[in-house]
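After this come two complexes, each holding chain A, first together with chain B and then together with chain C.
Moving on to the complex of A and B:
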């Protein structure tokens, strides 16, 4: 009886969480102009309109470029920071580590306002570079956490063996260390991309005028009316932000199956 | 191949001194073991030779050339680690070939040399497999093949047998020695296992607390320990307080209660400077346990009582009560051991004993 209640309760929680998402996905295929039940027919109409909406396409391009650059920079910095913290004796390593992880703990609004104010004081204007900078700051902790965990599990003597066989520290990194931590590096990069791709809080503060990412574009559209296009856009977003990490996890599993 | 020399080497970590001023000479082609308990500095020495640690003071020479400032990847060493340290993402053949890539070995030659190395460690058919598909013993052989295929000047072995099962360990011990004999490379072997050290080495360096206690051939270190530490680390020894009454060319005379006067041969009493307090060192294997009534000629004997019997089949280890001291004896037996509590006679030949000055602590 007790288990029955718990199970039922758990199902209700999941329904509460995912039902709205399911509704969005369902309604994105609704033929009617008005996003409400009952559905009047199945149609890809809203996806087609989405693909013809210049503003949304522009926002998509911006988001993807921003996401890719964020992932690239965060991963590079994250790998370097992890190497320094795990492999070398850095003075104040604990403080540095905490500071690098801190953006996760600080509410994003606070972080967003702080960076904005800071740059105002310096007299720097909002720009795409600033937006990118902000995204790197709060995706970096995720990369570092993932990569550091993996790096700790790579035995030091494997690298020492490579060096004793004649590989320079640089060659050792590219031949041994990097391949061994590649699954974590890819996972970190993917994290960075998806977090950047659907971020709105920081982006609203940092984006320069006229630049829209997909989330801010949706936000702007919602202010006017709830168009069925938004449902379609939502569906595309869900596919990207859920599908990409799943794909990444599958690739990582495949890679680590080989090396163990 | 090259000799290795440590000249007045000191290694400090912050305030802790891991290796006190140490000089070790390892001749070309020799198999030298650094033996000692964990924390004695043996691995620190090995890592300094390897270039994984920088000495705080002193010089390290390989083949007569100072290598203090030569980084590890330019020292041309083969290292075998305790936990194999194979590259898990590379096949066995790629693992073995790794060092050849950095040595201008023509591509056409690599496959042949890898195969030769795999033949040498008697695993000719595993080249295509990944390390995790091999057993621990096989992985360690691959690690050895990877280290010797580059024809290193010096082979460094860091407790390579410790991660293996007891039976396998003994097989690998014989195997390792065979391969070392075959290629004749100067080898530095680090272990805490005295039987490995005795079985494999041309020369043993016994270390304790960052200092060299004794350096010498296995028989020398075993039969004529230079200190109480060495006497007890290599097997069990009994230390009996004694009074040295005379030293001379024929040896030293020690008064040991209750055995009486013991004439210790000169080469085993050379650490005594003259008459005075001393210790008689008696290996457990050299102390015979006899029936109470027996007193064979040539043996110095005393009555004792068996306290504990540790029966091991072919041999037996007795803990004996002699006055207020406990002694150990390890004897071969062919029937049944003495019973616990039995009165017995213990005895030894004077030439089996050695003498040390009393250690002040």
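Moving on to the complex of A and C:
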């Protein structure tokens, strides 16, 4: 009886989480020219209009380039730091870990203000570079947390075996460690990309006038009213940000299966 | 160079890029806005370096800022409470489910990946004047005219709960999942009812997860300005909106610095209290 109630309650909570998002997807296929019920028919017209909207395409390009560069830099820094923390006894490791996690302990608004004002004094104004710096520092802790959690499970003795068989440290790293680490590295990179792709809180502070990422573009479009085009854009975002990690997880599983 | 010295240096070489980034992009900028908050914005628009207390006097004594700060904390507290009430039974369900826990967790993680701005604006489709709920009410004849349900404090809280609930559930799940199920059986066999066993054994053991989830919800909720902009009315500004206004709209950077630091200190005190009694380890478990 008690369990029955808990299950019903949990189902309601799941519905609460998913229903609004499902409505976005549903309405993006609405043939009506208003972004609302009733549905007047099934249509792809809003996706076609999206693909012809120059501002939205530009926002997509900006978001993707920004996300890829963020993922590249953040993952490189994060993997190196995680290796140090997992593989070596670092004096003061606790302090170091806390420092590396600090960017998510500080409210994002405060991080955004501090970075904007400081880099401005150094002569870096609102620009793509500022956006990139901001996204890197904001995603770095997430990459480190994810990569560290996975690195712990890689056994050290495989590397030691390679070394004892005559491999140099370089050979060992590139032929043994890196392939074993690959799922962790990919997971970290994917995480950084999606966080960067989604970010709006810091991005609104850092972006120069005229440059929009997908979330800030949606935000700007919301100022008018909710149009079916926004719902269509939302659907594309959902497919990208949900589909990519699922795909990534599947690839990671394949890779780790292959490497045993 | 001896082998030991090389061994000792290696981790620092690996750590240095990340630590440099944190220092240059977070720590130094934070120190810098402390300095900046004592500068003065002049009528010409140039900021006058110096040691002026004007911004702090304004930020700390103007009742406008105080009221919004208190209101922000109230909204964050209600959001956290609602998340706890909605999240605990759900986390318990996932942790004790005999079904596929991985699938249930994956479903829970999906909203994490769905863009925050999309999840926030999705409520306009539901609650807006031409939204699903109004459509339903009109169709059933309960109302004759669509009602405006959006753009008030309740919808801001609703949006925040929708955004933060997964953080709460995940943290509670992590601590519930670590509790030995046989403890409850033991309590039962010693004569406790299931409810007593839950209240006296499981609930206390899961409090660290509840606290970690609560802290995350509160801090993330109190630091947001997008949700009030999208789902709130003109009077529903939260403290971070004031920061955004000062920095982006009014370009009053010294005042914006002082306001940011106020927010940082208030939320920092909460994090410090949490850290003092529960430690950061629990929080990292939930995030990782």
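Here is the rule we go by: the second predicted complex is superposed on the first by the 251 of 260 C-alpha atoms of A that agree within 3 Å, B and C clash if a C-alpha of one lies under 4 Å from a C-alpha of the other, contacts with A are read in each partner's own complex, and residues count from 1 in each chain.
What we mean here is this: contacts are C-beta pairs under 8 Å (C-beta built on N, C-alpha and C of every residue); 3 or more make two chains touch, one makes a residue touch a chain.
The structure displayed is predicted, hence computed values, not measured ones.
Novice: Kindly say whether there is room for both chain B and chain C on chain A in the superposition, answering fit or clash.
Specialist: These partners fit in the superposed model.
Novice: So in the superposed three-chain picture, is A:202 touching just chain B, just chain C, both, or none of them (first/second/both/neither)?
Specialist: After superposing on A, A:202 lies clear of both chain B and chain C.
Novice: Comparing chain C with chain B, which touches more residues belonging to chain A?
Specialist: C
Novice: Of the partners chain B and chain C, which touch A:7 in the superposed model: first, second, both, neither?
Specialist: In the superposition, A:7 touches chain C alone.
Novice: Applying the document's definition of touch, where does A:228 land relative to chain B and chain C: first, second, both, or neither?
Specialist: A:228 contacts neither chain B nor chain C.
Novice: So in the superposed three-chain picture, is A:108 touching just chain B, just chain C, both, or none of them (first/second/both/neither)?
Specialist: Second partner only, chain C.
Novice: Tell me which partner A:188 touches in the superposition: chain B (first), chain C (second), both or neither.
Specialist: Neither chain B nor chain C is touched by A:188.
Novice: Applying the touch criterion given at the start, work out whether A:248 contacts chain B, chain C, both or neither, answering first, second, both or neither.
Specialist: The answer is neither, since A:248 touches no partner chain.
Novice: Draw lines from the C-alpha centre of chain A to the C-alpha centres of chain B and chain C: what angle do they form, to the nearest 10°?
Specialist: Placing chain A at the corner, the angle measures out to 100 degrees.
Novice: With both complexes overlaid on chain A, what's the closest CA-to-CA approach of chain B to chain C, in Å?
Specialist: Minimum C-alpha separation, chain B to chain C, in the superposed model is 6 Å.
Novice: Indicate the residue numbers of chain A shared between its chain B interface and its chain C interface, in ascending order.
Specialist: none
Novice: Residues of chain A touching chain C in their complex?
Specialist: These residues of chain A touch chain C: 2, 6-7, 9-10, 13-14, 16-21, 23-24, 27, 34-38, 76-78, 80-81, 83-85, 87-88, 90, 96, 98-111, 113-119, 121, 133-134, 136-137, 140, 142, 144-146, 148-149, 194, 197-198, 200-201, 204-205, 214-215, 218-219, 222, 226, 230-231, 234, 237-238, 241-242, 245.
Novice: Please name which positions on chain C make contact with chain A in the complex.
Specialist: 7, 10-12, 14-15, 17-19, 21-22, 25-30, 32-33, 36, 86-87, 89-90, 92-94, 107-108, 110-111, 113-119, 121-126, 128, 130-132, 135, 162, 165-166, 169, 194-195, 219, 222-226, 229-230, 240, 243-244, 247-248, 253, 256-257, 260-261, 263-264, 267, 271, 280, 284, 287-288
Novice: Can you tell me which positions in chain B touch chain A when the two form their complex?
Specialist: Listed in rising order, the residues are 50, 52, 71-79, 81-83, 85-89, 98-99, 101-103, 130, 132, 143, 146-147, 150, 156.
Novice: Under the definition above, what is the set of chain A residues touching chain B in their complex?
Specialist: 155, 157-158, 160-169, 171-172, 175-176, 179-180, 258-260
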